[in-house]
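Chain naming follows the written order as A, B and C, and within any one chain the residues start at number 1.
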């Protein structure tokens, strides 16, 4: 019977080309708008490190002076250099790393390649195993190299391609700022979306080009980037160890989500000790958030994207209402034929099924065109200068969802009209033409 | 075949109660050709709708081919209608989007018949009514008489036990009307029971038996055609006096 | 035109009528808010920055590693730039408008305040800052020669003891010292640096959108000469026609002044281009909203046309009877237009309520302002017009139904 109803639906479309085209177009527009905005939203709001995101925690402490203090308020978004180095030395987590952003000049050794400014991350040894960075060549550096302020560097694949032509550059020298560094590793294609480990840099941007040990970066007084928040006089150098400034991100990996409670207690103890030693003024106030909690708290998805998502849904809803009306008109216009079919033995449920098949077929056609429209929409998004623009692509899952959504939406829209159609009483229709 | 006992049908709205049928008794035996006559508003349309299971009734009993219709739900009535009854309407009621083959196909589809069986039956039915060469034609391409014959083929394709015809020649000129009536008589001679509603006494005379419905009740006029006309006048006079 | 019979006819076709009403209501609600957001974005894109944007170009530069002579190099850079043909003014500054990073500092009106009064942005200016940017003073004066310090000296804590001077914007002055002249007043920069206001400029936006729309012009200017490694911005003022020429010449000059520096080409451009890039987001959003509005109107129009056509077809016999009884074509037309007007009115009323509801949600979650009341009549008129125009086609078809239809029984 399904094949029969499909056949009938197609014939009906051929007879009412304009009306059918309008219905298909309406659904296509709604689906296109909805899928475009949904794809962008999904890309931006996903879990950047799903296999580990509940075991990675971001540390926040409250080291500022009492001035401006409000009980219960959120503590500083980053930690001071002193706190970061102290926590790192105590090693209470399974793995831990401090990090911040920076900018360095890279001077390739090859002729004809001018020096350029590269985005950098100054961090410690555990960064690479903690975040499971995929390595193309070599590895990260060791804790001993951190201690020794070794002049070692890990490059991104893009940098390696640009400077070394993509070859295995482990062991090679690279001039960074005014010093020579040895390459120990190259990171493979990695673009965590969003770049969760630093909420104060371009959250959806590309990976840093160069990774250097934090200790080395301070040794060489390399330029930093990101947000720096000072509450006191930093005596001219806000990056020195005792500066009253927060500018460093501190991440810890724990054995399991359940270990968070114990680690939080540890942070409270640490804060109490700092207050006892006269360094902290405020009551202990710590935060320990896992990856998704941090993203949620920082409202990582831009407001505009969320609003566009709601617009997409609103548009789809209006298109669906439209379809309900047009389907109602289409079915009831054929009351005569429905009456005949009922007289010839069709039960109400058969009429209902026939109408739903027709609605679903329109949905399928609308889904195909809607898919084309969303590809167009995503292309338009990719032309925007936003840093997340190039991530706006349809993946197989969303492709399938497009069709499912189109068919489900049109069948839903067809429920009311189909129900009304099946109520058509056979007796009345036959006499009055 | 068709056994109605004291069937009543009341239409109720908020303000008005209409008794379309009151205690209708009507029996049609297998293989009979019965004409149902009556003035307009007498309830013959209602009778036909009930006979064809297109409407429910409010009182009495109706047995169709031995099956008691009361208490059947919509699905069951649809099945019964599909398998046992063939309809012929005054306005033909062919589906304009479908060609003759597909029109005849409709009732067979609802019976979930396999494709080759449907093909055989349709081709046979259409050739029986003389339209075997026009399988692919659309209703709009045919004359009124041909359309009605196609509708009859549609009714026949399912081998119904009972044919219900509502003014089958009402929209046809006299020549086409004659050929349709001949077809109906031919079908009846092969054993199909036919109940035909008509207001034309000449057509009614071609049936074996007449039933007259007036004010929702039936009177049997199983007499010879010529006398039937006189009996009509008597009864009309009787009810006018009453 | 009798309203009651029209209404009672509609009540008998509740489903289709409800669909039209709902569609109009939803479209009205979305469009009212969308139009508001469009105007908000457009206002953003068109804001006054205070700068003579069409005369300015910016070069961004950084040194490779540390530069021990950065102050001296900055001075020689500026001298060379100012000597270029076509250059009217040139300056070095720590930040420029239309970028996403900025230097900010919390200030307080009194030293013992717990919470800061505000956190304006901080421009570090050298002698030709005001002239290069073309800022207009509306009170007080520019900086005097002896008020300038080198930024590197100030930041390394070679304490001054002098009261620092600052120029603030009019918006900031209004907020700090409402109703009074700000010139001569003081505030505390950070915990303990006392600052006196010496001048007020009409407009100067901060670099980014930090602080939201109210804080857009909370900017203060300090007479602390930056060197080129503090933000790395050289800003040059010239004639609009000579901008590209001057930009190219400036880049060549700066490159010639030492090979141990990198010019960031992707950030070196005219201010017009900088502003254009900065506002790409709001501009795209405004376009998107506009397209959505148009799309919604088209879809709603099609829906109305579809359902109205259906109704006309359903009531063909009835229309024929009316005509046979003496109705003119105009009266039939008016009937359908009135019917549509009624439906649109109900839809619009519901739509306005929904519009306010949506606006409340947007206000609380996305920092949008309250929908001004005048958007509602705009949305209402748009939808009334849309309805009337859409129903015109089917209504005219209804009006041309011949009266003879009344006598046909089949």
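The working rule: a residue touches a chain if its C-beta (ideal position, glycine included) is under 8 Å from a C-beta of that chain, and two chains touch if they have at least 3 such contacts.
Because the structure is a prediction, the values reported are computed rather than measured.
Undergrad: Leaving out subunit A, what pieces does the complex fall into?
TA: So the groups, subunit A excluded, read B | C.
Undergrad: Just grab the chain with the largest centre-to-centre distance to subunit C, centres being mean Cα coordinates.
TA: B
Undergrad: What is the identifier of the chain with the smallest separation between its Cα mean and the overall Cα mean?
TA: Located nearest the centre of all protein C-alpha atoms is chain A.
Undergrad: Where the centres are mean C-alpha positions, what is the separation of subunit A from subunit B, in Å?
TA: From the centre of subunit A to the centre of subunit B is 68 Å.
Undergrad: If you average the CA atoms of subunit A and of subunit C, how far apart do the two points sit, in angstrom?
TA: Chain centroid spacing, subunit A to subunit C, equals 26 Å.
Undergrad: What whole-number Å value describes the gap between the mean CA coordinates of subunit B and subunit C?
TA: Measuring from centre to centre gives 74 Å for this pair.
Undergrad: I need the residues of subunit C touching at least two other chains; which ones are they?
TA: Those would be 410.
Undergrad: Hey, what residues on subunit A touch two or more of the other chains?
TA: Only 433 qualify.
Undergrad: Note the residues in subunit B that touch 2 or more other chains, in rising order.
TA: In subunit B, the residues touching two or more other chains are 91.
Undergrad: What part of subunit A is in contact with subunit B in the complex they form?
TA: Against subunit B, the touching part of subunit A is residues 1, 4, 11-12, 15, 336-337, 339-350, 425-427, 430-431, 433.
Undergrad: Please output the residues of subunit B touching subunit A within their complex, sorted ascending.
TA: My answer: residues 45, 49, 52, 54-55, 74-75, 78-79, 81-83, 87, 89, 91, 93, 95, 97-98, 106-107, 109-112, 154, 166.
Undergrad: For subunit C, which residues count as touching subunit A in their complex?
TA: 15-16, 19-20, 22-23, 26-27, 30, 34, 37, 62-66, 106, 114-116, 155-157, 190-192, 229, 262, 264, 277, 280-281, 284-285, 288-289, 292, 295-296, 299-300, 302-303, 306-307, 309-310, 313-314, 362, 366-367, 410
Undergrad: What residues of subunit A sit close enough to touch subunit C in their complex?
TA: 19, 22, 26, 29, 33, 65, 67-70, 103, 105, 107, 114-117, 177-179, 220-223, 231-233, 235-237, 303-304, 306-308, 311, 314-315, 317-319, 321-322, 324-326, 328-329, 332-333, 384-386, 416, 420, 433
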